[in-house]
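Taking it in order: structure first as structure tokens, then the write-up.
Chain lettering (A, B, C and D) follows the sequence in which the chains are written, and residue indices restart at 1 in each chain.
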Amino acid sequence: MIVVLKPNTTEEELNAVVQEIKNLKYEPHILRGVELNVIAAIGDERTHHTLETLTVFPQVERVMPVQSRYKLVKRQVHPANSVIQVDHRVPIGGKKFQVMAGPCSVENEKQLLTTALAVKKAGATILRGGAFKPRTSPYEFQGLGQEGLKLLAKAKQETGLAVITELLSEQHAELVAEYADILQIGTRNAQNFQLLIAAAKTGRPVLLKRGLSMRIEEWLLAGEYVIANGNPNLLFCERGIRTFETYTRNTLDLSAIPIIQQESHCPIVIDPSQGAGRADLVMAMCKGAVAMGADALLIEVHPNPAEAWSDGAQQITLDGFARLMQELKPFIAVAGRE
Amino acid sequence: MIVVLKPNTTEEELNAVVQEIKNLKYEPHILRGVELNVIAAIGDERTHHTLETLTVFPQVERVMPVQSRYKLVKRQVHPANSVIQVDHRVPIGGKKFQVMAGPCSVENEKQLLTTALAVKKAGATILRGGAFKPRTSPYEFQGLGQEGLKLLAKAKQETGLAVITELLSEQHAELVAEYADILQIGTRNAQNFQLLIAAAKTGRPVLLKRGLSMRIEEWLLAGEYVIANGNPNLLFCERGIRTFETYTRNTLDLSAIPIIQQESHCPIVIDPSQGAGRADLVMAMCKGAVAMGADALLIEVHPNPAEAWSDGAQQITLDGFARLMQELKPFIAVAGRE
Amino acid sequence: MIVVLKPNTTEEELNAVVQEIKNLKYEPHILRGVELNVIAAIGDERTHHTLETLTVFPQVERVMPVQSRYKLVKRQVHPANSVIQVDHRVPIGGKKFQVMAGPCSVENEKQLLTTALAVKKAGATILRGGAFKPRTSPYEFQGLGQEGLKLLAKAKQETGLAVITELLSEQHAELVAEYADILQIGTRNAQNFQLLIAAAKTGRPVLLKRGLSMRIEEWLLAGEYVIANGNPNLLFCERGIRTFETYTRNTLDLSAIPIIQQESHCPIVIDPSQGAGRADLVMAMCKGAVAMGADALLIEVHPNPAEAWSDGAQQITLDGFARLMQELKPFIAVAGRE
Amino acid sequence: MIVVLKPNTTEEELNAVVQEIKNLKYEPHILRGVELNVIAAIGDERTHHTLETLTVFPQVERVMPVQSRYKLVKRQVHPANSVIQVDHRVPIGGKKFQVMAGPCSVENEKQLLTTALAVKKAGATILRGGAFKPRTSPYEFQGLGQEGLKLLAKAKQETGLAVITELLSEQHAELVAEYADILQIGTRNAQNFQLLIAAAKTGRPVLLKRGLSMRIEEWLLAGEYVIANGNPNLLFCERGIRTFETYTRNTLDLSAIPIIQQESHCPIVIDPSQGAGRADLVMAMCKGAVAMGADALLIEVHPNPAEAWSDGAQQITLDGFARLMQELKPFIAVAGRE
């Protein structure tokens, strides 16, 4: 930690800080600068008490940590890319580019199967569909629950697609893990640490969406909860952050792709549907994501978006999805993926 | 709902939208303007399917809801202020101004009791203290758990202060409700709807912190989950939102006070400690909150902030708290409170 | 305009609003809904007084404009893409993809010429370089001024590259226009309307960077100032917006590419250097921008970034630029550009 | 500056950084930590080349400045509060609390004089009114220009109120300074450094509004441009920042009051009208600002807000202003002001 003192601090004030640094088991080194003094406190920041509390001393201007707070998600502990095996057969994070697609919510058998068959035909390998839905208002459709999970199982059986679905309650962890090949943690639960732990403990791959206003560091630390609880099958998913812009529902931060790849060994997935909140932007977003090196896409597809039970405005049609997959092919090739 | 069509839309395209509006059970009224046409769709937006999905029609420019989505938290359904009785004896939302104070985390008996006695002496009526702590990193202190709850009970017994503590897992709802007079829902769980439902069902007053990037409407809707699940004892708590500013940890949005009072009948509490993340700003924040009409304050106080186990930088000392209470008095009086 | 009244508004209150709408020369249509009433006010919002002032009536809940406020930048008035001819020979917005590159600041003849020759060799067609520099602190290097412009002219003469440089004072408009083939308006001046007018009047192409916290609509309206002042040679340039994220200097909003192309006929340029503020992210950003359909890139390149006089952290080396251009080629081809 | 190296950096890589630090005239001190090494570079950061460029070395993780970049606005160089004398008779920053009030735009003689007389009667000492108006759209009313200035002069003569009005073009600096007792720099020009310099050179007090997305440090540095150009009569004005919230037009950051007072000796003024964008929130905002220690308020007042030529929704009526001043009195007293 670097402790910056205010200009004109007396020796006595400096010593008080030095003493507290020693109390907290760091080794202080005083650096006398031209305008002000700085104390470098040597010690492992991840196991010691933070020194950020020293700002309660009026003579302390600022305290700056120097170590990154995450360990297990970090690229340095695992220099190669982690390849996550979904359902023991669909690898994410390797050479092969994967597409997960399906409706925002599972509504009924016909809607789900029609969509599953169509997305499979177009090239998707994983079926998405919400059975438990976190909704901003209690008066909105909350998902079919277990019935939705059973429909997903049926669609999996008929199409061979693996299944990703959202987990939104610790109490459903077992149940959802029974049906799902990937557990999705939604943006509003991205720092619901109890849920992350429950998801981790199922052993299933966990796709962790970035919280609406989560800094990269916080996202990596939330991922750290998964791996630190014994589950290395972690996928990060960027789905748009909240900014001042109102033209789109969220601002898709595609720079998360190279950043996650630099900081972490875990795969990075892009969700352009949530990211834009508008079906007409999905195509361009997908091309950008592929070109920038994303490992997979998560796309909302619905047979009739105008009558979808949730988030219709951002879902694309079955035909639209087929066209999208067609147009993406050359970009996938140029990006060095299959 | 108001459906705005693009300029130069043909009659046929207009009719297709009109037809879909009818399918979705609204009554369409066409308004022909100077540059473009608009369809007003009459129907209860809270019980019908949203028309926002109509943006999937290329001829639709925009869809604008007109009704507010919340009902039970709304000022109009309950024109008088709701006064929440905490522990059957501490009213929040009425004439009497309340102060909740205590350490960020419960660390041990001595730390808690010393603080409890000091804040009580200075005028606080409710003791805060975290037993289960949501922490950004899995390597940070996660709270004493049930032992912390027991210490809170002991402090309550010795001082007569009511107790507020955080609930962060659905699975602890019963347990925490046994010890706490108010259940606090933290900012990272503000849209963890399953937790809100579990908290509501205990019947205890629920203090709902605003999410880091929650719009007022979303916050009210999260509160709606509590009341809609049978618990009218809801308190809103502003604790700073996330912005681009880095000088403070968060940006305390004091305008939430008049806004919540205008939109809702529920009390509004201000947490200046989280809001600023810096002890040296707490005093000014408290004065502003009182002057603007807040119903209560939630303040972090610690006997020795430099060695606090969590969030030391924002906790004030016992002496600092006594001074704060002294300085606040005339502001409370001028604001028409006791 | 749509004027939404509060629930339970009386007929008298409704009539007062209707009367004011008539005073302001709109034609009111009353729509009686299930919970509340709405008045649709017909009239051209761009020439009439706004009705947003009606929110001063306590019975008015909200006023929602329906028309877009921009005209000349709008795709609908010019359905084909505008192709801007830079220096009568370098088209931006057509089939050919263009790259503008060069140092953040012009420092001296050697630095500029070395860079110009290198970027030309690698395939750039336009040279960037700041002569007048807007700096956050008055103590930072403010640019070489006119001497910098002269060096740019020399570099143009020796390499044949067209030149883009920033205009930051109305009083320099004539001077800068003498040397520059494109006038750049920086992010901090994006709503300095007097500067936009002065730039427009020179007749030179104007590259308008998006303001740090500018909504798409505001950016289009700022562009409207240029075209409305007689200069149709307008380029929009996305360079990152300000968000809560601190890992990158700004958040590059690549969704601006499809959005600008949908809303406007003007070309869209991406500046990944400012967007990321980190040289190590520039490559991925460029690939994404190309794939999503950008018309040009604006890239900072310096012979020795570690000793650059401004913004060294985001500038790439001459070798780095050559590699970048090489790697971009297949993406440019796949995106259907040359 | 503190230069943090990546874990596992070799001695050779470390030496390369040390050498570059020496090249840039700093004195390097190597600190060997448990996980990684840090180099403290001693030297005046405000006169030396920044070391932030060192992040172009792949072995450098991060570079952290330790000195604040501003000097003249800083509390430390002028420990007492600066009191700015407006028109040689109205002090801002001292014991006396000041209120500036008037219409958003000067529209005509009657509107201005009526307002001026009313606000004077209610207790304001400075008249605000826009003659040159920066408007988001080129089709909105741009102000009466010089005619507006003349009307302000007339109102000053008749009422004795001092005058504040906005300067938005370098080319008008002389002209506006002739009529205005305070030059206002608007939020969109807060980093238009040429305008700041031109304003500074007139010698008139300069009220610098915070930019829409300006960090505190950037705001202080913009103020530094004014004082560094020979004009110590600087006022900071908080008027709301841009966030994700849409209920209010901006988010008024009242924490700017204690922060500016801690960091700087210059007075701090609050503009609740722009801050909220809604007349119904102005009263509460004013109370908060006074309680938190603001030196003055800047309030928009109009005889008939519904028909105001600009920003009607946020202007209060003459009666509303009189009531506001009445209600503020006890808060001003309690805050220790007159």
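Convention: a contact is a pair of C-beta atoms (placed from the backbone, for glycine too) under 8 Å apart; a residue touches a chain by one contact, two chains touch by 3 or more.
Here the structure is a predicted model, which is why all the values come from computation and not from measurement.
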Shared touching chains for chain A and chain B? C, D
Which chain is most remote from chain C in terms of Cα centres? B
B-C against B-D, pair bridged by the larger set of C-beta contacts: B-D
Counting only Cα atoms for the centres, state how far chain B is from chain D in Å. 30
Whole-Å gap separating chain B and chain C, where each centre is the average of the chain's CA atoms: 38
Chain B touches at least 2 other chains through residues 213, 242-244, 246, 280
Contact set on chain B toward chain C in their complex: 2, 4, 7-8, 29, 31-36, 38, 40, 42-44, 62, 64, 66-67, 76, 213, 242-244, 246
Sites on chain C touched by chain D in the complex: 20, 23-24, 46-47, 49-50, 52-58, 69-71, 134-139, 168-171, 188-189, 191-195, 211-213, 218, 221-222, 224-225, 228-229, 242, 278-280, 305-309, 312-313, 315, 317
Flag every residue of chain C that touches chain A in the complex, lowest number first. 213, 215-217, 241, 243-248, 251-255, 257-259, 262, 275-276, 280-281, 283-285, 287-293, 330-331, 333-335
